[in-house]
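The chains carry the letters A, B, C and D, assigned in the order they are written, with residues numbered from 1 in each.
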């Protein structure tokens, strides 16, 4: 009993000493990279874009075979169709985005210094719709996910470049996302980091857990479990549910902040979405 | 300092209790809970319902509600409506219990969320 | 570019007609029996009139040791033998073990790939018919219950 | 149906992905608890000119949106292939594709 109290005193003490109020995102990124380089020395930085297929040969072989004739091609074509169909007012998605929406996914999520919030590409798609008098689409799956998948496909191989502007609110959003990534929750008392950092590469029941670094590169992804294309935040909700925590609404402030942190960690990695996953 | 150390210890304890709680997988904890087993007619159902619902609302507000709790609450209401008072009490108590643990997780996370950051 | 043709369109119709006439007559009759059979031997008998198989390493059967996903398991069968006329794939614990059967006319390589469903861990068996004889190679594929992945 | 056909040395390598539910007739709808009627491709035939170059019979174990690949000799770049599937409800589809 005394030993335990002592241990917690030490833990608390070290926290008080080592925890700055706001960490520096760049050094967070360096730490995570150093961690994964050490754990998976054979994987080059860009290789982490392949997710679990970067660290498991057996799964990789099957994945490459599936990618030869990928199950998401039709959805991407469909997404292109939606993307190119003008709104009732004659404008289109291309008018809402830089470079007409082509090859820009690497810059998302963005921090909007006007509204003071994180803008993911899916959030921006719906902002574009409402600004043009159209009803917003459901997040997660379906038309919006297809449009996002098409936009991702036009940015393949581009290098992720999420920017955190010199703005306190941006740093706070990043920090909130980071906290969500590391906090334990749900009936199973697990954090994102439990599986995808501390235990990345370990066998969790029948699965091999994927490294957190590179998660965001291949979304929207076609998951055989969904039998469809779905967005990153749909996966967040799934992960939360798997640890029996109540998920947040898709594109809620919480999930957008999480995506901001999560994607910032992958800066410098190539985009390879949409990808197929099990 | 002494006080913070003590609360940190409590949080750690709560976390370890939760960990062991998970290992014998979730839903049947209602029957394991001594508080549930010992209740008698003295339990006021209305107060319990208010307690259970407000605890869950607080856990939810903190962003820490469990996904399994709301369905349990629904089940509890169904039992109450069907007149299964004993079952309803057990279920509402479980809702409250889970929500309290979730709130405790939120408090713990507030202080210790940085523990899992790789160094 | 591909052109999607409805059967009713003229070009589609002629293509279909050509395909139908060139198709071996027996194909359809063979189908219903062998594919409905609940055992490997039964299906073999329905398909080839024999269940006598000789194991042969001239066959390459490429299947994953552990299936990423039981509903899409990539299977490749190749053979170096001469005069291969048919390749079939069996999964012994599926309700109907015969998964697919390929008829290979002269000039078509004994090298086919397909994606199949496996309900549980089981042995996948490739059967190659060459010069009227049956050869086989098999391998176990572990199928686990999924849930995560992302 | 999507077809990718490409000459590799003297062989035409063909990859096909057919869009089809491949319902086995053994599965139940989780919501209604009713058996989902069988609908699966029984046969996939590839012709090159007048010649059948590949003929596949499928059972219920073939994955949804079936994928097959094979290769055959005697074709040239620019030739056209025709691929036809027929399912258990006698629905059928033919698609043509050039060999690249």
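Just so we're on the same page, a contact is a pair of C-beta atoms (placed from the backbone, for glycine too) under 8 Å apart; a residue touches a chain by one contact, two chains touch by 3 or more.
Given the structure is predicted, the values throughout are model-derived calculations rather than measurements.
Student: Among the chains in this structure, which pair is joined by the largest number of C-beta pairs in contact?
Tutor: Among the chain pairs, C-D has the highest number of C-beta contacts.
Student: At what distance in angstrom does the C-alpha mean of subunit D lie from that of subunit B?
Tutor: Subunit B and subunit D have C-alpha centres separated by 54 Å.
Student: Would you mind pulling out the distance in Å between where the CA atoms of subunit C average out and where those of subunit D do?
Tutor: The separation of the two C-alpha centroids amounts to 12 Å.
Student: When the C-alpha atoms of subunit B and subunit C are each averaged to a single point, how far apart are the two points in Å?
Tutor: From the centre of subunit B to the centre of subunit C is 54 Å.
Student: Please report how many Å separate the Cα centroid of subunit A from that of subunit B, as a whole number.
Tutor: 30
Student: Residues of subunit D touching 2+ other chains?
Tutor: Residues 2, 64, 67.
Student: Which subunit C residues sit where two or more other chains touch them?
Tutor: 71-73, 113, 115 - these are the residues of subunit C that touch more than one other chain.
Student: Can you pull out the residues of subunit B that are in contact with at least two other chains?
Tutor: Correct list: empty.
Student: According to the definition of touch, which chains form touching pairs?
Tutor: A-B, A-C, A-D, C-D
Student: Could you list, by residue number, the parts of subunit B that touch subunit A in their complex?
Tutor: Contacts found on subunit B: 4-6, 8-9, 12, 15, 18-19, 22, 26, 60, 63-70, 98, 102, 105-106, 108-109, 111-119.
Student: In the complex of these two chains, what residues of subunit D are touching subunit A?
Tutor: 2, 4, 15, 17, 19, 64-65, 67
Student: Could you pull out which subunit A residues touch subunit C in their complex?
Tutor: 51-52, 58-59, 61-63, 65-66, 195, 204-207, 209-210, 215, 221, 223-225, 235, 238-239, 242, 277-278
Student: Mind listing the subunit A positions that touch subunit B in their complex?
Tutor: Contact set of subunit A toward subunit B: 4-5, 8-9, 11-12, 15, 19, 28, 31-32, 34-35, 179, 182-189, 191, 193-194, 197-198, 240-241, 244-248, 254.
Student: For the complex, which residues does subunit C have touching subunit D?
Tutor: Residues 2-5, 7, 11-12, 15-16, 18-19, 22-24, 27-28, 30-31, 35, 71-73, 91, 94-96, 98-105, 107-109, 111-118.
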